[in-house]
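Same chain, two partners: chain A is paired with chain B first, then with chain C.
This part shows the complex of A and B:
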């Protein structure tokens, strides 16, 4: 089961939907790990999208690649990581035209970063579709050293850059595609609660 | 659109002006230029803004919105271009037949309900007939910042092509004109195809043209937020009706050729407005009770609000036994 219902939170927290086929001249689909399942569901609703689809997929150790390839998208690319794929994404967006539909699915970190690229290329965020699948890990920014820690699964956690103990907030930055992590023991150094897995 | 209006004042601030020039452009369209009577500079505005002109027509006050079509950076002169509508309610006829150079009038500060999205990579303009006016000021504005724009302008005949010569002379590669009488039409689907990501489209013209651009763009996958339109509705005439204004404790008659808003104003009751064309939301009025049918013509209220909750008196009417408004 790759779907998870996030608890309701503050307005800053992104809300994800369910991908649906929309009319467009071209369809750019970006997914990581279990996000592949959302693309398979989308193709099941309207297989004709694939003739004009470009799929950028980051498996993160899963093996959906063959199933995605079997959808016969116009273009298919598999990258070892988001960072390794971002050059290709930028190139695609730089050459894209009005009428491009963007579908993002998988982890929050992937969707946030890819949405940021699409917005910078001129697509309003209100028309970019997203669907969360797979890991609920968060991409966190340390508000103190500004370093980003990927795939955070516990609260609190240790900043991978400066080593501070950070509390996981729902306060989100669309520009950074990251949640904010704030020092939890500033007043009383060393008084750090036992880390708990997110959403448990 | 739904948020309640921010301020409830009758119209924007007024400016006292003198008509500095009256320039007939063709059989139907005349340009009116204004200068301030106090000699101060006009406020600058943004392309696409309009002003509401007050006309004193033999004891009857007419207030009509017109797009400002002069250069937004020119603080010495404002200009509007008015198309004569012989079937209309008389505002444009008043401008054409009664307004002379040297006359004193009042107009409102500019209000913009149709502004450029300056984040756009490119601006694609679609104008039909007198719908050219807001684009004239937008083009001035974009030319100052070397903006990327293109105009597709459809007119009935060469003789009625308002500003066609000027536009084609100044911007030969950016302006494309289509003549109805030569069976030319805007190749909309082709034009929407292949535009760079982040292009915004703007349309001003008859209702059919506006609907066509919205529908064609959304079928081609354009984001709604990147297709902008402006249509001022003129209040339509209709059967006279009676309205009870409960806050002011008055019962008024709305004549065949006046709008509900005009009838409220004629009774000396202050009512808020900005556009007088069903677009801005400022005149939104609560319905207290009614027995009859509404004729809603605005672009503002949600369908559920139109079901007896609210009315936009600048363009909408009522037929039936009784109507009571919270005004």
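This part shows the complex of A and C:
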């Protein structure tokens, strides 16, 4: 599958790479939706990773589960949502030993949040890899009410908490794992352009 | 001198005003007739007597009202003051720096009495007389950074320095030019500057960071930055932009002189002794166009700067839509005569306006 090339952007916007097998005592792989394909590619490069791999996968309506399970990872977990999986994720990170390699892949929202958890658990950033796959949706924070709206696909969009019409900025906070949304019609109330799909 | 503190507001009825004294000492930010971003930093070692550069932390006639406005902003939104857990020591450093500086620079307004770790702090303008134990948080009503920055004009960013980088890990930010501490906290120097146009490509931030990393204790630096604000509103935050943005559309040719304000930030940089953090005070000064026009040199120059400012900067600073109306107004104060170099008014030597 071809990967989406994000356009050049400002310096707070994260850039993602391509997962590659790295030597490590244990391998934690966290993916959602099409991120499964990046893990399949990783396993194709080095099947021996799987003997020490823990896969945490959130399908989001896709059906890659059987293929991932067929890789025979040491541990496999499928969660209904990121929020439902996060306690498990924290537990795994808290109990991680030195030499853990972390692989994050799928949507920006998933990678950003899981990366935060890994950093807070003290995993060195050099042991964390990311690869974007699938939806280009963004996790957005409303700068006005602070509410997070997940999986935003259009610009502008409606804040799912306070209902303001927000435009999608490229300014990104790693701490919040979110981009910033700012009221689009503050200077001309009611003049809200037709929402356009991101990157079109 | 003793300062007469103004009774004024920075919201609702906007009763804010500048005395003649405040106008003459306004930190006009343009040393020549054009403006572009640059690494405009110099040592912060005083300045002309009575100027805003003279003291380490300038106190002026707006002090008491500004502190009242800050308390209101914080009551509405406590997230304007945040400090990551590892920044408490830097908070104590900052408290010490401000208390020592203010009590030395303004002995008639502030007193600090130290007996070992038992400190007594007297702030006469705000009616505060507190005794506390230095480095013991339980003896203050707020954390050390919040306590002292509720008593100091301007915003404060406290930057942790590690891995040859500065990190915005604490701050008190209620008078900002449209950026969010809550969003930016934890970012590094390049990340929080990401939205600024042109300056990254010009290499400005790389050079500026290098300079900042090397600032030594006792050798502070400063620079000016500026933007435009309609009405003397201190809290031009993104958080409240959906409320204040509309005010930009209330300018008319009749009211622009009194409503449109040049907003200047006197930014300084101090190394803190125990934490090795860097503190970045951002002191905001507002002056209406009509008050600025009482200084002929500033009238001529402001017109030329606003007229010739690159579109990217006028857009980023948020006044691109109002620029034509500003120019119609400012043009009346530009008779085409040359201007003297430097930022000061030069009232005695610069000719009066020669235009009807």
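Just so we're on the same page, the second predicted complex is superposed on the first by the 196 of 200 C-alpha atoms of A that agree within 3 Å, B and C clash if a C-alpha of one lies under 4 Å from a C-alpha of the other, contacts with A are read in each partner's own complex, and residues count from 1 in each chain.
The criterion applied here is as follows: contacts are C-beta pairs under 8 Å (C-beta built on N, C-alpha and C of every residue); 3 or more make two chains touch, one makes a residue touch a chain.
Since we're looking at a predicted model, the values are computed, not measured.
Visitor: A:164 contacts which: chain B (first), chain C (second), both, neither?
Guide: It touches chain C, and chain B stays clear.
Visitor: Check the residue A:177 against both partner chains and state whether it touches chain B (first), chain C (second), both, or neither.
Guide: Once the two structures are laid over each other on A, A:177 reaches no partner at all.
Visitor: For A:148, is the partner it touches chain B (first), chain C (second), both, or none of the two (neither)?
Guide: Once the two structures are laid over each other on A, A:148 reaches no partner at all.
Visitor: Between chain B (first) and chain C (second), which, if any, makes contact with A:13: first, second, both or neither?
Guide: Once the two structures are laid over each other on A, A:13 reaches chain C alone.
Visitor: With both complexes superposed on chain A, which partner does A:101 reach: first (chain B), second (chain C), both or neither?
Guide: First partner only, chain B.
Visitor: Figure out whether A:24 sits in contact with chain B (first) or chain C (second), or with both, or with neither.
Guide: The first partner, chain B, only.
Visitor: Tell me the contact category for A:186 with respect to chain B and chain C: first, second, both or neither.
Guide: After superposing on A, A:186 lies in contact with chain C but is clear of chain B.
Visitor: Looking only at chain A, is it chain B or chain C that touches more of its residues?
Guide: C
Visitor: For chain A, which residues belong to both interfaces, chain B and chain C?
Guide: Touching chain B and chain C on chain A: no residues.
Visitor: Over in the complex, which chain A residues touch chain B? Could you list them?
Guide: 22-25, 93, 96-101, 121-124, 126-127
Visitor: Quick one: which bits of chain C touch chain A in the complex? Just the residue numbers, please.
Guide: 79, 180, 182-187, 190-195, 200, 238-246, 248-249, 321
Visitor: Mind pulling up the chain B residues that touch chain A in the complex?
Guide: 119-121, 192-199, 218-226
Visitor: What residues of chain A sit close enough to touch chain C in their complex?
Guide: Per the touch definition, chain A meets chain C at residues 10-13, 141, 143-144, 146, 164, 169-176, 180, 182-183, 186-189.
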